[in-house]
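Let me begin by handing over the structure; questions about it come next.
Going by the order they are written in, the chains are A, B, C and D; count residues from 1 in each one.
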Amino acid sequence: MPWLSILIAVPVLGSVGVALLPKGADKLAKQLTLAVSLIVLGLTIAMAVQFSPGSTDRFQFAETYRWIPSFGVHFGVGVDGIALVLIALSAVLVPIVVLASWHDADAPTAKRSVKAYFSLLLLLEAMMVGVFAATDVFLFYVFFEAMLIPMYFMIGSYGGAQRSYAAVKFLLYSLFGGLLMLVAVIALYVIADKGTFMFPELIGAITDPATQKWLFLGFFIAFAIKAPLWPFHTWLPDAAAQAPAGAAVLLVGVLDKVGTYGMLRFCLELFPDASKFFTPLVLVLSVVGIVYGAIVAIGQTDMKRLIAYTSISHFGFIAMGVFAMTANAASGATLYMVNHGFSTGALFLIAGFLIYRRGSHHIQDYGGVQKVAPVLAGTFLVAGLSGLALPGLSTFVSEFMVLIGTYERYVVPAIIATSGVVLAAIYILWMYQRVANGPTAEKVQGMRDLDSREKWVIVPLLALIVALGFFPKPILDVINPAVDKTLANVSVTEFKPAVPAVAEPKGAGE
Amino acid sequence: MTTHYLVLSVLLFTIGAVGVLIRRNAIVAFMCVELMLNACNLAFVTFARQHGNLDGQIIAFFVMVVAAAEVVVGLAIIVTIFRTRRSASIDDANLLKY
Amino acid sequence: MGETITFWVLAVVSVSAALGLVFSRKAVYSALMLGAVMLSLAVLYAVQDAPFLAAVQIIVYTGAVMMLFLFVLMLVGVDSSDSLVETIRGQRLWAMIAGLGFAVLVALAVGNLVVAPPTGLAGATQGAGGNVPAIAELIFTRHVFAFEVASALLITAALAAMVLAHRERSRPKPTQKVLARARFLSDHPSPLPGPGTYARNNAVDMPALLPDGSISELSVNRVIARHEAEEGGLPEDPKLAEAIRQAVEEESK
Amino acid sequence: METAEIIQGAGGAIGASWLMIALPLLGAAILLLGGRRTNGWGHLLGVAMSLGAFVVAVLSFVQMLGLDDSRRRQAVELFDFIPGMVKMGLLIDPLSISFALLITGVGSLIHIYSIGYMSHDPDRRRFFAYLNLFVAAMLLLVLADNYVGLYIGWEGVGLASYLLIGFWQHKPSAATAAKKAFIVNRVGDFGLAIGIFTIWTTFGSVAYGPVFEVAGEADQGVLTAIGLLLLLGACGKSAQLPLQSWLLDAMEGPTPVSALIHAATMVTAGVYLVVRSGAIFEAASTAQFVVTIVGVATLLAGAIIGCAKDDIKKALAGSTMSQIGYMMLAAGLGPVGYAFAIAHLITHGFFKANMFLGAGSVMHAMNDEVDMRKYGGLFSVMKVTAITFGIGYLAIIGFPLLSGYFTKDGIIESAMHVNPVLGWLAVAGAGITGFYMSRVMFMTFFGKRRWAPDAHPHESPAVMTIPLVILSIGSVFLGAYLILGNRLMLFLAPAVGRPADLPGFHPFSAPGLTTLALVAVGAAIAWAKYGRAEVPQVAPRGSFLTTFARRDLYGDALNESLFMRPGQWLTRIAVFFDNRAVDGLVNGLAAGIGGTSGRMRRLQNGFVRSYALSILFGAAMVVGALLYVGTL
């Protein structure tokens, strides 16, 4: 049962189907899109159920078809723990985003047809599944670049005031990274000369440290731009602020995860020595990203830009987790990718609702929403709390694992990163106070509370956040074996406590 | 003696080239091009004699044929432009620019 | 010995003619200068064992191509001399630098190549019995394909000239009936006064007088008027001179 | 420090002790998610859940009393939270059960009290949801068997206090106070988090049992670091000196909140952490000493602040801060002090909650007037509140035979043994406590009536006074019950160990008598200034010391100038830098490319002769290149 090919094919067919609908059938287009995305979700769940975490072979549901024989390029798809979890994330987010952007596309500002927006959305979903499922480096690169196009159009023609500026900046930034990566991919193929692009064969193919460093840089810069690490981050706030809420969720929730996923999967395994060589640099960049992102987030006046900067800070955490190269840190980083998708997704959607009601991005135009729309303010608070990683919510588990994992090997970056936790409290609560607390601003008086559609959007997300917060074990059981296999290839010294306490307390049970 | 001929041919060629650059009248520029062609023919003939095979002369002959065809078409263009623009200056036809 | 003398004489003649071509104000003088260069080259060909080429040069090149130039000069306007003032900034200076640079470089190249004495074409042409049969033999054996392509080229060039210079009638050729009707609709159905009619002298450059004594502008000949206005050959009668001057200004507007 | 082994797989009530957390959590969930429908019976559900938890706690306590000492530490295995790192479970031992009893007991009383207090508030349902959430989080904090569980409870309690302080969200001051409380707590949590990381990296586990067994073997430096970090966390939560600024602002919340959270339970979490990690602190003596110093410093600071506050709740908050200073001091004295710290904690929980609720009923009567200068002579009007408040007052200043006397005297006594300087400072603190508590008492209930014109105070309804009575009974007898015969010390021994020689209670020791004398002097001064004399309506310009105290020892000013202003300044720079430098660089690059291409475009100027010129230059360069290559 070729699960992954189906998972990629269904959204593409859906997208084409939606595109071919007659001109005026906007409502039908939305319903069809929702149906297709729900089918994809169903298929993903069916696949996930059959996924056996403990199995020995690296990629499950693996399929390889020869695509360009002369170059040894295969349409190779396969899923291990990490990829499965991220595919599940995108499969969950897309229907929610479709539901959330029910009216986003037909707002007066949008020139393009509603149909186009939703077909782009489905196309994007196909590529998201593809990029995480690709086990062929070339195929990964193709999806890595192809994803930009639908997102470019979604920001470009459906976004806010300076949408074209933001869209072009996003595209150029990612393309620049992509081209560097293309050079590295080709060089990898040529130097390894295994005659194939299949990832499992290429692991450990490059031995000479100098080339490893160059190839690593080629891959790493592309991923550092994609998951914005500190110096390459300026495109994200613009893109996220100008994109419609739904597109912003997918942009920050899933597209940027490709960067960190790429680091974990490709940078670490293909170039272990170079990764170890560059680890201090990456740690510095991510720690700077954490603190810098948080501080700039505090200073923002535009709501969506603030959330974008917070996710830059969160990406700093993920990158730190990936490059700390301990089991806890890496599985924490992977879990963080999933949780961040839900928590920032929820934040963006709620910001989208607020902006849709009030019409202004600026935080000071709000005030006292809690009095007028308590449910909206309540969900905003819970989403915010998941943003500042409150224990009991999912982001705490991942952040805790990343920090404790990094602490095992690098004490100072971990301590500085933990200060990010305090900064997170400041920017979230300050934003919440300016929006929800205090006397109700006169423009906010008429704001209506969440209607049933919006409830259907937010409640599943918050339920997931709380559920994963209390009981993250099922997800971690899927991630841990995959992470252990990844780190095995990186041959890193295992962490041993100074004074090993006996894990099981001795007392004999009654 | 061959180098003399070649130097003469270079001189004539350069004068032709500079003529093309300096004169604004289309016809004079065109004549300078003809001068450059003749200079080349001289060089061809010189080399023919130098190497003792007739290829040089044959190529000179063909150069003349081509020059003739080129003059015919060039002058036709100049006449048409003159008829519409009432001026034969090259610099007036400068619309194809930034 | 004779060859060096002819070379030096002709070299000086051709270079000065070339300079004359470039720097003369009137286009016709340039054409003649070019003719001189071509003729001196023809002689040089003859000197360099290329009698056929010399003949072709004189007959085809100078005879036909140069004449074409003169024809076009006539069409375009003999005296449309353009001033030598340079319009593009820095063009002249850079042209000189580029030309000089080019000449020096090529001359350098030519200068330091070690050249054996010319082997002369005697051997090559002996077999075929003379220069022209040898060339003919070569053209029609090895280069016959180039020859055919050249002929095709010439035909295309001829057609091209015809097509370019051809002017399509945008309106049907006015028949005699149409002209007669138009004449009677216009303000002077009677034929226009011939030049010099009712005038004291019947020279072509004299504007005609209408029956009421006033001057008919139609009868002033543009080219001659312009010539006389510039060269100062205006008729004494002030009225006529004034009419010619008016015609020139109005034409030059 | 030898403690009993932890016995796995407890049965009976203790086995079901996870219900203690689940019930209030369930209550909070139902009330929050239920929305409008639960308005009618919302508060009753809240109280029921809290009482349910109390019942389970009592049953576990009774079952524990049935077991002999060595089997009193029962562990309840819950679920595997983070595979390979944290197994979530509950540790029911004398220490945690005493806390659980205090929390659920006082909590339930306060739930009942707030039925009356919040009766007119439209959002009552949400208030009870948050109270339940708080009880659940606090119980998780005290019952968890590992540091991560404690951390989750720790932040959960911080969240609950944020929600409750900022309950009246439309008041900007409440919202700011709530935000400030959460952020300062978060700074404390930052320390606690890094402490937990260090524990994990040194011991490879975060569960209490395994860690405390090998605590001694780790090297001294690491242990001291862990100790200090845990202390930083404790200071954040218990409003000790470096991080105490939020407690006084937290009075913005409704009074039951102040009573429950900022008097009885949450602020004692820091003491619980220090006592629970006793093994670590004993191994790191420097850290332990620092705890005592922080305790004494906060003790004095709280007392001084208490003297200058006119707002009754802020005065009580100041006294809470100083009483917790006492507990921290006791907790820092090692095994001998733990029992006294917990005892004082429990008795303080009772009489401080009693006084806060008393203050609440006074405010309720004087339609929410908080300024004591507008009170006066309320004794005659509000008999029950006055008497219960009086009992609480007598208990806190350490009036002989009341609960405060036993516990505070015990602390001073054991402090004397360990370090006389600390002891005498504690005695001075007791004196100042005598002064400011009497000041509060006299200004509120005695002297001339300084009521506002429209104030006509009346006694609070029964639902509010009954909890007051119960709490006052507790604050009378509890002290004696716990201290005499070292009953609490023996009870806690399996959990926290016990000193070699049991310190009997001997009232007539030197420090004991001097404390009583100082307290009497303080009370007299207060009587002279506030009881008899005319209390001015408007606060007179006090001396340097009073303004120093009124401004909370410039704690806030210090925080603002050290952190808040530079923080804002840093944010502005960072935003500017981000827009200009990083973004500027990118846009500059784009503009640069745009500019050069604009200029290059001009080369195409339409003149054939310019193009011819470039061709000639090209030719010349080609010939030059050929020459150059030729001559190589």
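Just so it is clear, a residue touches a chain if its C-beta (ideal position, glycine included) is under 8 Å from a C-beta of that chain, and two chains touch if they have at least 3 such contacts.
By chain, with names taken from UniProt: A = NADH-quinone oxidoreductase subunit M; B = NADH-quinone oxidoreductase subunit K; C = NADH-quinone oxidoreductase subunit J; D = NADH-quinone oxidoreductase subunit L.
Since the model is a prediction, treat every value here as computed from it, not as a measurement.
Greatest Cα centroid separation from chain B: this falls to D.
Taking the mean of each chain's C-alpha atoms as its centre, the chain lying closest to the overall protein C-alpha centroid is A.
Work out the mean CA point of chain C and of chain D, and you get 106 Å between them. Annotation: 98 Å between the Cα-based centres of chain B and chain D.
A separation of 36 Å divides the Cα centre of chain A from that of chain D. With centres taken as mean Cα positions, chain C sits 76 Å from chain A. The multi-chain contact residues of chain A, meaning those touching 2 or more other chains, do not exist; every residue touches at most one other chain.
Shown for chain B are the residues that touch two or more other chains, namely 17, 21-22, 24, 91. Counting partner chains per residue, chain C shows two or more touched chains at residues 88, 91, 95, 98-99, 102, 106. The set of touching chain pairs reads A-D, B-C, B-D, C-D, using the touch definition from the header.
Those residues of chain A lying in contact with chain D across their complex are 169, 172-173, 231, 233-235, 292, 295-296, 298-300, 327-328, 368, 370-371, 375, 378, 385, 390-392, 396-397, 400-401, 403-404, 407-408, 414-415, 418-419, 421-422, 425-426, 429-430, 433, 436-440, 471-473, 476-477, 480, 495-510. By the touch rule above, chain B contacts chain D in their complex via residues 17, 20-22, 24, 29, 90-91, 93-98. Remark: chain D residues 605, 607, 609-610, 613, 616-617, 619-620, 623-624, 626-627, 630 touch chain C in the complex.
On the chain D side of its complex with chain A, the touching residues are 5-11, 32, 35, 73, 75, 79-85, 148, 151-152, 154-156, 159, 162, 166, 169-170, 172, 174-176, 179, 182-183, 186-187, 189-190, 193-194, 196-198, 200-205, 207, 209-211, 213-214, 217-219, 222, 567, 570-572, 574-575, 578, 582-583, 586, 590. Remark: chain B residues 1-8, 10-19, 21-25, 27-28, 30-32, 34-35, 38, 41-42, 45-46, 48-55, 57-58, 60-62, 64-73, 75-80, 82-83, 88-89, 91 touch chain C in the complex.
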